Amino acid sequence: MAPTRICLVRTGGQSVAEATQSAAAGIGIPRLANALFVLPYMLILLVMLIIPLGLGIWLAFQDYDMLGGWNGSVGLENFQNLLDDRIFRGTVRNTMLFVLMTTPAFVILGLALALALNDRLRRSAMLRAIFFGSSVLSVTIVTLVWRLVYLPDRGMLANILGTVGLHSIDPVTSETWALPAIAVVTVWWIIGLPMTLFLAALQQIPADLYEAAALDHASRWRTLMSITLPSIRRTIVVVAVVEVILQFQLFGQALLITGGGPNNTSRPMVQFIYEAGFRDLQLGFAAAASQVLFALMLIAALAQAWVGRKREG
Amino acid sequence: MQTYRRGSSFTDRALFIAVALLAIIWIAPIIWVVGLSFKPNEVLMRTTGGIAAPPFTLKNYTDILASSSVFGWMLNSAIVAIGQTVLTLVIASLAGYGFARTNFLGRNALFVIVLAALAVPEQAIIVPLHTMFAMFDLHNTYVALIVPRVAFPFGVLLMTQYFRAISPEIEEAALLDRASRFKIFWRIVLPLSVPAQVTLGIYTFLHAWNDYFWPLVSATRPEMYTLTIGLASMQTNFAQTEGIGFLMAQAVFAGLPVLILYLFFQRYIVSAVAGGGSK
Amino acid sequence: MAEVSLRQLSKRFGPTQVIGDLSLDIPSGEFAVFLGPSGCGKSTLLRMIAGLEPLSGGEIHLGGARIDILPPGDRGVAMVFQQYALYPHMTVRQNMAFGLRNIGTPTDEISRKIADAAEMLEITPLLERKPAQLSGGQRQRVAIGRAIVKQPRAFLFDEPLSNLDATLRSRTRIELARLHQRIRSTMIFVTHDQVEAMTMATRIVVMNRGQIEQVGTPMDVYRRPQTRFVAGFVGTPAMNFLTVAAVSDEAGFARVSLPDGSTVTTVIPTKALPSAALTLGVRAENIQPGGGIPARVDVIERLGERTLIYANLRDGSTIVYDETGDVQVSIGENVQLAIDGSNAHLFGADGRAIRG
């Protein structure tokens, strides 16, 4: 208890008020030594996140690549080049399309599953475990499984379509189906996240609300619409925002299932960043693309949160 | 809702059947892959129908065990995941306690920074982070694979929230028992936070084990691959492959550790997800 | 000699003054109860003595030494918290040993002290249990035991009975009083429950809005409340307060007229009275039927051994009076009441009691 001793020694020459201020040691008393608790984390945060973030913003305005070295600041040229890049514009379009495909699916299916499985029955617990279980697998395993499902002729999908007499398609090599195929994999993979968030919210609704509704002769549908959904409105907004942020970051599934093809129709922005930065080693260009992605994510999330709040208010 | 339920049992039954059917669709790919992983490659070359029909074989799995690199990758994954988990627990607990229960000049400002850091996605920093590690020649090391992920603030926020819920009276009692601030943290608060530690630990372990992007760009030498990266590196030339069974066995083999973890710690994993997503 | 001495204490939370210029001496061996409504500053005051809340001004002395400059663990006080604050992951024995270990007490001495305290509190069979395995009353005893083993100069209790059910609460009151008689330590007990204060205290400190209203023995505070606040706060049911319409003199004593026209002769000298507005205070037990004040019964509360009757005077004001448990009375009935003037109090406009 070093600080205490210092206080004791110092009290001799100090005014009463000051002495009492520094001596009482309730748990909320400010003391600089307490900062030592957060120091290790703040250092790692600084070096591993804040400095890279600043460096990334700086890099976005530089002509810097691994091979040619640093050729000074180029202002907005990297961003201009991105704008002119047909492939980059395609990745922006693909990413947005992907977000539009998956987010509603996560919200609607996640909510439906949560509503159906929100009870203490054993069978519901089992089904919850099944829907959640796939999300503990890594992207590599998930894509491995689904490439086997999508495999032409010998895949599971081909087998099922074959038994009902349909001609097998290969979504991985179809310009139309490549991105939806990735969306299906993604929903299959992590539907457990929104489901869990909705379940947690449903359990927060006080049981007496339902008892009151039952005494008021509310039908099941009526109860859902006028009690359940209004009670979890905030969670619906949160899930939508979380999913938009997550799905903007689409990368592994696309890289490992389609490689971005065919003809770039399933190439997401993160894959573009990966290829620009780590294959072509154009660091400034890649950093600029990162900033565009970051900005789009922030705008989308804020817009959603704003719409959600406006509707609530 | 769970205590009171109204409506006809017919609706209930129909609903359950619908959801159960969906669950079967959900689990079908896994069952299909597990089933075929026990079939000889020669059979799978011709047809993948009828997973329940013999012949069966364990050859696909013995082939994995014979390949030396898979074990090395698994070891790497274990080192990285355990290292990251331990480091995260120590650092997030300290910081969480600092933010939740102690007071010092600038605490609130620092906490706002931590909250803001939640909004920063990995992709926004991965290029400069990679450059920084390259400058110090740290790629292809465990340090590079472990340390950067500790910066993500989820753990700190989870622990902060948990510590805030512990009654301050207990700490005051310890203060009257002449315990120092660190002793209160170490002997009183930390033992009380074991459930949160387990939750955060499993969550961190899973994320580290499954991490893809950063190991992909940082671990470029095959002997430093994690299991996730190593498996992905073997997935080239898919449609032409003759070893579907082998690929399936790999998927099962690699998925097994996390699925076992999931079976044992489902409650903690779910609570981490429920707590994490709402921030 | 004063064991605990509070000198001109003040406490501010930001711009809000919670305790202002409060001074108090508590003699050695007293069981002092700080009594007051929630938010009166009594808990804050206790936490200031414990060192859990910094002072904005003033000094605290314990046993002749100034302690407000010391950290909580060095002050020689032990505290029993409202929620007991037992360490949930430690056994009862470890809970009691924690503070002793922190000051380097030898192991055998720790065991001896724990054994003694456990025996006194009859918790010896519980020593190896954890708090979660104990009932509310048992936790309460452990919390007291944890304080006793430290042999503090003063015990501090922060509403420790408020989480117990009624039966257990009254039993614990008796046990605490017995404990105090046995170990003769100075104890400071904070509560908002006047029954706890009346039954356990050797000295009650009634507090209101960060100020001390009155210090005295339980009967002193009950019989001779110095302020209208004390009169209203101590005693069940609360004292009746009636506006005084006029005052006349009767053989040197004040004779007051009530708004309904009836009069009460007190034992308060007329010359002590100020001219400003007065209030007559009289307890339910000092009003009986069979006088000249007409009233109409409004509500009847039967408590078993006695009956409380709320009645309206002619001017509409309500008074409550005591009756026997089996009294025959019905709502709407007209009664004639008598007020015992020798036990009546008069309060001035400033709320202070007027005495001879």
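Order of writing sets the labels: A, B and C. Residues in every chain begin at 1.
Convention: a contact is a pair of C-beta atoms (placed from the backbone, for glycine too) under 8 Å apart; a residue touches a chain by one contact, two chains touch by 3 or more.
On a predicted model such as this, the values are computed, not experimentally measured, just so you know.
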{"item": "Chains contacting each of chain A and chain C, listed by label", "value": "B"}
{"item": "Pair of chains with maximal C-beta contact number", "value": "A-B"}
{"item": "Centre distance in Å when chain B and chain C are each reduced to the mean of their C-alpha atoms", "value": "56"}
{"item": "Centroid distance [mean C-alpha coordinates] between chain B and chain A, Å", "value": "14"}
{"item": "For chain C, residues that touch 2 or more chains besides their own", "value": "51-52, 71-74"}
{"item": "Residue numbers of chain A (touch at least two other chains)", "value": "1, 25-27, 29"}
{"item": "Interface hub residues of chain B, defined as touching at least two other chains", "value": "172, 175, 178"}
{"item": "Complex interface listing, chain A residues touching chain B", "value": "1, 25-38, 40-42, 44-45, 47-53, 55-56, 59, 113, 116-120, 123, 127, 129-141, 143-149, 151-152, 154-156, 159, 188, 192-193, 196-197, 199-200, 202-203, 205, 207, 210-211, 214, 220, 223, 228, 235, 238-239, 242, 245, 248-249, 251-252, 256, 270, 273-274, 277-278, 283, 286-287, 290-291, 293-294, 297-298, 301"}
{"item": "Residue ranges of chain C in contact with chain B within the complex", "value": "50-52, 71-74, 77-79, 81-83, 85-89, 98-99, 102-103, 146, 150"}
{"item": "Sites on chain A touched by chain C in the complex", "value": "1, 4, 7-8, 11, 16-17, 19-21, 23-27, 29"}
{"item": "Residues on chain B engaged by chain C in the complex (per definition of touch)", "value": "167, 169-170, 172-179, 183, 187-188, 191-192"}
{"item": "Of chain C, residues touching chain A in the complex", "value": "47-48, 51-59, 68-74"}
